[in-house]
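Across the two complexes that follow, subunit A remains constant while its partner is subunit B and subsequently subunit C.
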Partner chain A sequence: MLVSTIRHFKAVNYHARILRTFSSQIKGQSSRSDTSKSLSELRNVYVEFLPDPTVEFRNPIREKLERLDMLARRGQIDIPEFYVGSILAVTASDPHSLGKTNRFVGICIKREGCGLRAKFILRNVIDHQGVEVLYEMYDPALQKVEVLRLEKRLDDKLLYLRDALPEYSTFDPDMEIEVLPEGSRVPVNPLKVILKPKPWLERWERQNLRGVQEFEISERDKRRADKVATPWLKYDLMKNYMNTIPEEEQNEIFSEIHEQLQQLELTRKKLKRKRSFVKPFKLG
Partner chain B sequence: MALSQIIKQPTMKLLEEKFLALSIQSCSAIQSRNKQVAPQPRLRNPTWLTKKNRVIHDDFLTADNAQFVQEVIKDRYDVPPKVELPKNTVEWTPKLKRTGVIARKIGELPLWLKTGKKISTTLLQVLDNHVIKYFTPEEYDPPRKRPTRIKNKAGCLLLGAEATDPTYLTKEYCMLFKNSGVIPKKHLARFFISPDAALPPGTPITAQHFSVGNYVDVRGLTKYRGFQGVMKRHGFKGMPASHGVTKTHRRGGNIGGGGEKGRVWPGTKMPGHMGNRYRFAKGLKIWRINTKLNVLWVSGIAVPGATNSLVYIYDTNLPRRKPSNPLAFPTYFGLGDAVAEEDIYEESLHRFSDPTIVFQKE
Partner chain C sequence: MNQADISHLVSRLKIQVNPRLRKFRNPEGPLGRLKKLRKTVTALFKHERIELNYPRAEEARMYAERLISDAIRYGDCHKTTMETADFWIEEKQLIHKLFKVLVPRYEHSQTSYTRMYRAPRPYPGPMHKKAVLELRGNPYPPLLPDFVSNRNLIHNVLLDEAKKEYRSQKYAEIAAKIESAEKGALQIENTASEKSSIEQNASVSEQKP
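This part shows the complex of A and B:
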């Protein structure tokens, strides 16, 4: 059973890799690792620097103080660029085994919150048991965040992996870092997962998932899904505006912290170079 | 004599009129039988509660004149008033009561302790507080008199916060600030203090009035939630959703017994208006102070009021959380010591610029 699942998982990963290289070949002209990033890149990479758009909770002074704290923490830990669907390894100090650390490898299935409250969920299947860990990005007990495979998926949340076949969320804990070629765009993995039959944790048929293979649902469920669907909401410009930070404000925020972010990125680059050099060793 | 003359008058009609006038007079005399002075109104507003905002007329003020007015305001208020420090300051003792401050609730953020524990805090920004006036215990005439004699009478300190353009304010309101030399403020608040804690008008009060590790009480106006049912207002459980329950899913149920107690007892929890009352959050610990922006991080997320609403911060009156070290009394003047740190942290708090926490054996 174990062997078969691993084989399956390998096959899935293999397909994914082929597709990834393919997609990266298609669009590989933008500069991802440049130190000077445009606004559109900054807001993708440092999403949590944008405040909560809810009007009644906003205050410029609080937001400024929050950003200063975030930058201070980022001076201590390198939090790299990652997306939902990327595979991360998080090393954290373990309060239950003093003096030791805990490393968890998994796929990021959700990113939420902004500012100091930013958090993400990693999922992996360990010993046939699905495990999810929620990490706070600015938790001072995090020691290292590594991106083992930088990629995006077709959906903004991968919570449906909980109801998918386990091989879709199984990742080798000893996985090595896959380095993307310099200057390539973040690849999108067009993998379509197969869901297990009902019962599900959520009504996936109502969520317009793109990364899920066609599944059969009863006529009744379909009818109900159609009934509650709100396809017109994407045309609601006012709602869209209220749920986002306007571009002018984004510019203001990032121009304020741009220099510090650039400095952080430079130090990261230096560290990267240091890390890449591995001293050759004799065999036998 | 006069009467005889009137009678001698020829017309009966005139006589009739005179008689009527007499009768009316007598009637009015009966009506004004209670010749008392009108009784004192029960509630009287404090002297500083005058009309604040002026009605802005489109008077023919040219652009030049408007600019001139702004220049005058700038000349008058650009330099903060020189304040003589109180001479006979005494050492702080736990029985003395200092002034509070006017602040704004600006949001909620997490902080981490050195033990790795996450705590939630509320950020309160101390606004540009200035002392406007001090009323001695004898001077201060409370609108509602206490029936009993009070032993240790408190003085009343009037604070103002948030400077504003005086051209939008009424003359009476601006006159309140005349003696202090402070630019008129949007918000006023009174604080009852020990006479020893009195401050001269014009004294600024900053976030360093409080110190890290001490406890404060925060008073604010809670969010108005309108007329609410018992489930939201008092946290009742409601009734079951099914099993034959009809039309009573969110109702309170029984409100009293029968017999001798067959009535609704006073204080029974029932639906009604919720919120929009001044409430205290007591005993909140100060974890961190930003001296540059005058921001306090206090524990908990239960500070009454919405974000960006005004709150009033006092030293706590909880007996077990009284400070052990002497406080800055009557307030922090920034004398003697060098330039204060920008961020002052509680000892057990993790600073974001500190290295990553590693849990070690003690």
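This part shows the complex of A and C:
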């Protein structure tokens, strides 16, 4: 019994060593699709693995179970890295027609929620009509998530696209995947959109938007914006502390799930290689 | 449900953090609250030990801890940290104290940077709870009596006696050992001298014939 367990242990060790050497080889090749990402990269890519910092919602056991469920779902469907401002194509099964799917292409204007409740909103203009779809990332109805263009924008939320000219949120549904060169960082698109004249859905002049071109506002609006501005919020150290998870805790969480995420990325790489192979066919 | 904000990383505080912050209602609103607290934080950095009302001490303590932990984490070349320190410390010479005195003092600290005690309230007087807030490692004599080094306390007297007894036992053992060793050495010497004398005699007897 003891001997067999020792042998088993050795075998596991051996496999781990093979994996490690394999990952280090890949690490040497590129940093973009790096299998062993550093913790700082992990926290940018997998934000939804961090729990909600609100004290009354914290529950370590539930959070851990949720992380396991998320990893299990990620084993079933490939959810790639994307950010607000990236252009995505989501294929989801249609709840109203059995056995059929819908594919929606649009720009991600918001990411919210954490754990299994992580969501994102896609926006596009179809037949001169702005359309937004809210998808839950770990919804079993999702069948495929493709990132057509991986990029960031200047703001954390692009909700102002609702009040911008329609050309800024119009994307071709038959768009092809734009592949980033290996080893490059995620590009930031410095595009400044032009807003439509008032009335707006929100008071954009109060939100310090960076991705919006200068617009004219009345003296009254300006005064009001100045009145409700909260420039001291960045000095409220405890409020900021309560809106985030301390780095030590983040490291604990990610070192726990680091290996599984690494495995998932490895399988994704393999699948990608398989997909890119096109069988030659006879002409004529 | 919110997502954790990861744009600005923070270190974990080493004190208990209240789930909700106190409002300190103020005509100036939240900014007035911060202004009130920064007076306390400045005083704490200046005097290193202050006595004040309990709620304000507890609230100011969290902000002081955050300020020191950020200063340790990011150093004085980080723009955001410097701006925050500039906001929180009203007497500007204390900014130097924060980065040049307090940061080296607490750099490798495993515990919190401040201590808070409940202080007795004046009687007769207002019913507010009082507290004493201090920075660790301050130059003042300690507030709590030092029970460890008071020689006259009964457990220390007993410990001293026990130590004395143990030491005398050890000395006795060592003396016994040395004695036995000396005896052994003497015996060996004696036997050796006897042997050598016998050998000499033998050699003499050999030379004789």
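Everything that follows uses one rule, which is that the second predicted complex is superposed on the first by the 248 of 284 C-alpha atoms of A that agree within 3 Å, B and C clash if a C-alpha of one lies under 4 Å from a C-alpha of the other, contacts with A are read in each partner's own complex, and residues count from 1 in each chain.
The rule we apply is simple: contacts are C-beta pairs under 8 Å (C-beta built on N, C-alpha and C of every residue); 3 or more make two chains touch, one makes a residue touch a chain.
As the structure is a prediction and not an experimental result, all values here were calculated from the model.
Once chain A of one complex is fitted onto chain A of the other, the partner contacts of A:F57 extend to both subunit B and subunit C.
By the touch criterion defined above, A:S93 reaches subunit B but does not reach subunit C. In the superposition on chain A, no contact is made by A:E41 with either subunit B or subunit C. By the touch criterion stated above, A:E146 is placed in contact with neither subunit B nor subunit C. Once chain A of one complex is fitted onto chain A of the other, the partner contacts of A:Q76 are limited to subunit B, with no touch recorded for subunit C. Shared-chain residue A:R117: touches subunit B and subunit C both. In the superposition on chain A, no contact is made by A:E132 with either subunit B or subunit C. Looking at the shared chain after the overlay, A:Y235 reaches subunit C, while subunit B stays out of its contact range.
Common to the subunit B-facing and subunit C-facing surfaces of subunit A are residues 56-57, 115, 117. The part of subunit A that touches subunit B in the complex is made up of residues 56-59, 61-66, 69-70, 72-73, 75-77, 93-95, 98-99, 115-117, 136, 138-143. Interface residues of subunit B facing subunit A in the complex, by the touch rule stated above, are 106-107, 109-110, 112, 116, 118, 123, 125, 290, 293, 295, 306-308, 350-361. Put simply, subunit A touches subunit C in their complex at residues 43-44, 47-48, 50-57, 111-115, 117-118, 230, 232, 234-250.
Chain contact summary for the complex, subunit C toward subunit A: residues 1-6, 8-13, 17, 19-21, 30-31, 34, 62-63, 66-67, 70, 80, 83-84, 87-88.
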